[in-house]
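Can you read through this structure? Questions will come right after.
Chain lettering (A, B, C, D, E and F) follows the sequence in which the chains are written, and residue indices restart at 1 in each chain.
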Amino acid sequence: MDNYEKDPGRRALQTRDFLLSFQHAISATERCPIPVIAAIHGAAIGLAVDIATACDIRYAASNSSFSVKEVDIGLAADIGTLARLPKVTGNQSLVQELAYTSRNFGASEAKEIGLISKIVEGGREEVVKAALETAKVIATKSPIAVVGTKRVLLHSRDHSVADNLEYVASWNGAMLQTADLKSSVQAALAKKKASYPPLGKHFSKL
Amino acid sequence: MDNYEKDPGRRALQTRDFLLSFQHAISATERCPIPVIAAIHGAAIGLAVDIATACDIRYAASNSSFSVKEVDIGLAADIGTLARLPKVTGNQSLVQELAYTSRNFGASEAKEIGLISKIVEGGREEVVKAALETAKVIATKSPIAVVGTKRVLLHSRDHSVADNLEYVASWNGAMLQTADLKSSVQAALAKKKASYPPLGKHFSKL
Amino acid sequence: MDNYEKDPGRRALQTRDFLLSFQHAISATERCPIPVIAAIHGAAIGLAVDIATACDIRYAASNSSFSVKEVDIGLAADIGTLARLPKVTGNQSLVQELAYTSRNFGASEAKEIGLISKIVEGGREEVVKAALETAKVIATKSPIAVVGTKRVLLHSRDHSVADNLEYVASWNGAMLQTADLKSSVQAALAKKKASYPPLGKHFSKL
Amino acid sequence: MDNYEKDPGRRALQTRDFLLSFQHAISATERCPIPVIAAIHGAAIGLAVDIATACDIRYAASNSSFSVKEVDIGLAADIGTLARLPKVTGNQSLVQELAYTSRNFGASEAKEIGLISKIVEGGREEVVKAALETAKVIATKSPIAVVGTKRVLLHSRDHSVADNLEYVASWNGAMLQTADLKSSVQAALAKKKASYPPLGKHFSKL
Amino acid sequence: MDNYEKDPGRRALQTRDFLLSFQHAISATERCPIPVIAAIHGAAIGLAVDIATACDIRYAASNSSFSVKEVDIGLAADIGTLARLPKVTGNQSLVQELAYTSRNFGASEAKEIGLISKIVEGGREEVVKAALETAKVIATKSPIAVVGTKRVLLHSRDHSVADNLEYVASWNGAMLQTADLKSSVQAALAKKKASYPPLGKHFSKL
Amino acid sequence: MDNYEKDPGRRALQTRDFLLSFQHAISATERCPIPVIAAIHGAAIGLAVDIATACDIRYAASNSSFSVKEVDIGLAADIGTLARLPKVTGNQSLVQELAYTSRNFGASEAKEIGLISKIVEGGREEVVKAALETAKVIATKSPIAVVGTKRVLLHSRDHSVADNLEYVASWNGAMLQTADLKSSVQAALAKKKASYPPLGKHFSKL
């Protein structure tokens, strides 16, 4: 660090620059076009909560322990927890208590708050298995439908109902032309499992 | 369909146009100035979830079964479920799991997620009765107060707290001049039920 | 009141002016830079709910009874309940039912809806004690971290995830230069309690 | 009007209901998928300004005279002028002066403020001719391109740059599949005028 | 300043607190319910531009000289210029050039950019006279209409067209009940000047 | 292109993905922390307008000719023109006319609309020289002040005035601690040119 980089203004710009890059890395699961399932076990502290809230579905092993730890290090959490935790849960009083006190909370409190949707008895092995089972179910669905659902849900989180309705109508103007619809209906009528082609080599991000 | 209507661009515009009209029809309960109570029973699949989330209050019979079915047909739900379901519930992980897997869920999971506010033991008859009882309670209230509450809650859903506070202050600048206030207070003092005139012939939508 | 002040337009402006001032008073807890814990007991009716929802953390004694009472007086709640109640809870159907019917609900329904984060067995004494215990825990943390967490959570409530991420990066560009970080880490390594200086005489509001 | 309809609260709801319908009628040009050109001449007073600002392109005959007249009748303009005039022009000080004073202004001041884009020497006949000439030019373009441009510009007016960029990328995901692109390029290479099929019978609104 | 107030984090909070108070003072003209006309003359440097852009109408004497001076002192303008200047003008390239270079610009460039709406030949005396003439015209109008126009224009600046249309319909639900409408129409028919009562003692802010 | 990549849904996703990447490349000037000046000359067609509107300051040689050409190729402009052109200019009627007709317009019309802030007599050489002169002036200013001004102006474009005021107060809480302020004031008192250290090696983007 050069001497002038100790100037409080210059340091603030550099720290901000670094934080934006760090956030970008952690938000990779959000940009991934396919839903990402967090399989949480053991101690999920600080950055682990940032990462988990950036995922789409969260399962936790019964041995999980959570903590929004940043206040204990002297800072406001800045890699995503404060941006997403209130939006994915349903008890803001508890979210605030956890963020101000850094206290540990277990899987059942995480479920009560709405942070996770399933408690899996056991540890790493069991929760990964449960996550993979759900992932396998999702993998049998039309990728056009799954990717669209993820994109429209992310839009819904950050926009009004009126805005989101117009958005999904524009989105589906294109997507309802896919052959996946026909495949889905034919498979349903034949009581078979539909099979869908992949999304293509050139498709990489949401 | 004329031949040129098979052009992917033209089809997209026509599908979008149709979806906007379809959404407008399903959102009618939202535009209705009086609260609408959904009395859910049996299988509530796909469009039923779109309709239910556009209502103000949701009760479900214990025999109810829900499914965000659209992914199974090859599309992202586009008539309101993705716009409203995350906003009326409190566990986004579960909302996403349900939207990506199309799996069935019952009344108690619907209650846990916050989708419904009451499980009524039984089926159609019982849940409709419970909904009507609540409707009757609401019908005894000042229509000025009820309509204003619905309008301000809809505004609240799509705006910041600061915006909504200014909005309700402007709204009530007019509404607090109603005679319903006096009637309400007089009735309360006399320990009687207040009675309020209707809203008027020319009032049709929110 | 002068005669011309009976003009419906002039009255509306004056009522609006009064309501904005009233809201400003009740929102004082939101502008307070330090988290405010509501310790609710007995009957929390109408304005009490406005006040409670403007706090950061809400505990309720088991003897608490709540009511969004405004509809019974002939008006839509206008001092904050309709702006904040839907944003701090996770069951909009129940929020609406409570707002339209004015019915009483107890601590356990308040917890289920996400309005409070803790039920304390007892009454005033017990809930105040529980609130003070949490307050004491928060008081041991870095004030830079606590104030920043409150400010960023309030911003998060009213902005998109992308907006909030950029905001917290800019905020922490300055705040990560505080000596509180070093104090926190040194204390943690020494397994001692860190001690932090106050925020300064000139700092008064968020 | 029934007696109870004189209640200030009930009257406010009815007036609001009427104004929303009136606005909906005047905004018809905005919902029209094809650009609408206002050909202004003579006196454009009050409602004429509401209508003109809801159009996409505005030409004025040199004999035009404008006035935001509503303040002279004792009200704030409520059918669109205050919503749109500041967004289509580039001198807010002048917009405000005109809105508060109701003074007349001519075509050249309207051009200076950015309200119109062309002054046509003459009156009704000349300005309609100029508008039709521009309309004819637009009519030679791909309707997919023109409709998309109108929709994306309307979205741009009411959203951030980041939002609008994502929106147009989603929109064009569908629209770039149209055969109009190929027709356009082939015509350009052959130095001929391209010809495009209509949008289809079922397409009615933006 | 106590020693701990030199901590970069604490200083940042205190400076922010001070800036919010400073902004609040300068924005007083925006909260004033009646339009405020800035009569600019001589050198309008830095803070003068913050103040002027917070007014509703801006006139400048021909001897005026403007400068967004803050960059020359080593900071980004933080009392309102960067928030409002781009929103009241119509050439963002020029706004940016002026903000980055701090160069002086005269009344005619200010007019071209849309910052002012009138150049008055002369200096202080002449421009104040012109501002007072406009103020007198506005003072003859219905205060209900003028206050409503200012409020709705401020709302329009910060909201979408759809939002603003709904807002003005709700606003005018109350305001169209004023006796000022009748007075205005009667005066117009009688070709007299209407006279309107004041807004009332208790009305103080927008 | 594999066969399944011809599916209209899959193609739409891939095209959208490509457009987002293309937009990201063209928006690089917006992410650059230092202001970027576009020096326009000759024919600025289609993508050139996308690029120019993503810059901060726009100068044009008198030999410049502009065209929003995309409609002529059968598409709505999707790399930034429709997102930014209405926001940097002050005559939306003319913006729309240019976007729907693809007609050429020269430097003086570009200036009138507010698209550019300076017409430089001549061509490439002259306009680049003028841009470099302005760039040199900006380069003499505090980089903390210049970078902050750019960031706050970008925020201002996409947020309300209230939001932007709070943002700049938080931003300057850090930035006013820079030594550049002292250097600026000392230089001004000494009637010398201030000199500022660079921003640091690790600072790369806004």
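We take it that a residue touches a chain if its C-beta (ideal position, glycine included) is under 8 Å from a C-beta of that chain, and two chains touch if they have at least 3 such contacts.
Being a predicted model, the structure only gives us computed values, none of them experimental.
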Exercise. Check the residue numbers that chain D and chain F use where they touch, and answer same if over half are used by both copies, otherwise different.
Key: different
Exercise. Determine, among B-D, B-C or B-E, the equivalent of interface A-F; equivalence here requires over half of the contact pairs to be the same by residue number.
Key: B-D
Quiz item: How big is the gap, in whole Å, between where the Cα atoms of chain A centre and where those of chain D centre?
Solution: 40
Exercise. With chain centres taken as the means of their Cα atoms, state the distance from chain C to chain D in Å.
Key: 43
Quiz prompt | Averaged-CA centre spacing for the pair chain E and chain C, given as whole angstrom | solution = 33
Quiz item: Which residues belonging to chain A are in contact with no fewer than two other chains?
Solution: 8, 12-14, 20, 87, 89-91, 114, 144, 157, 162, 170-171, 173-178, 180
Quiz item: So in the complex, which bits of chain A are touching chain C?
Solution: 8, 11-16, 19-20, 23, 27, 70-78, 80, 82-84, 86-87, 89-97, 99-103, 114, 157-159
Self-check item: Partner chain A, residues of chain D touching it in the complex
Solution: 167, 170-171, 173-174, 177
Quiz item: Along chain D, where are the residues that touch chain B in the complex?
Solution: 1-2, 4-5, 7-10, 12-14, 17-18, 20, 33, 144, 147, 174-180, 197-205
Quiz item: Contact residues on chain D for chain F in the complex?
Solution: 35, 56-58, 87-91, 114-118, 134, 137-138, 141-142, 144-146, 148-153, 156-157, 160-162, 164-166, 168-178, 180-185, 188, 194, 196
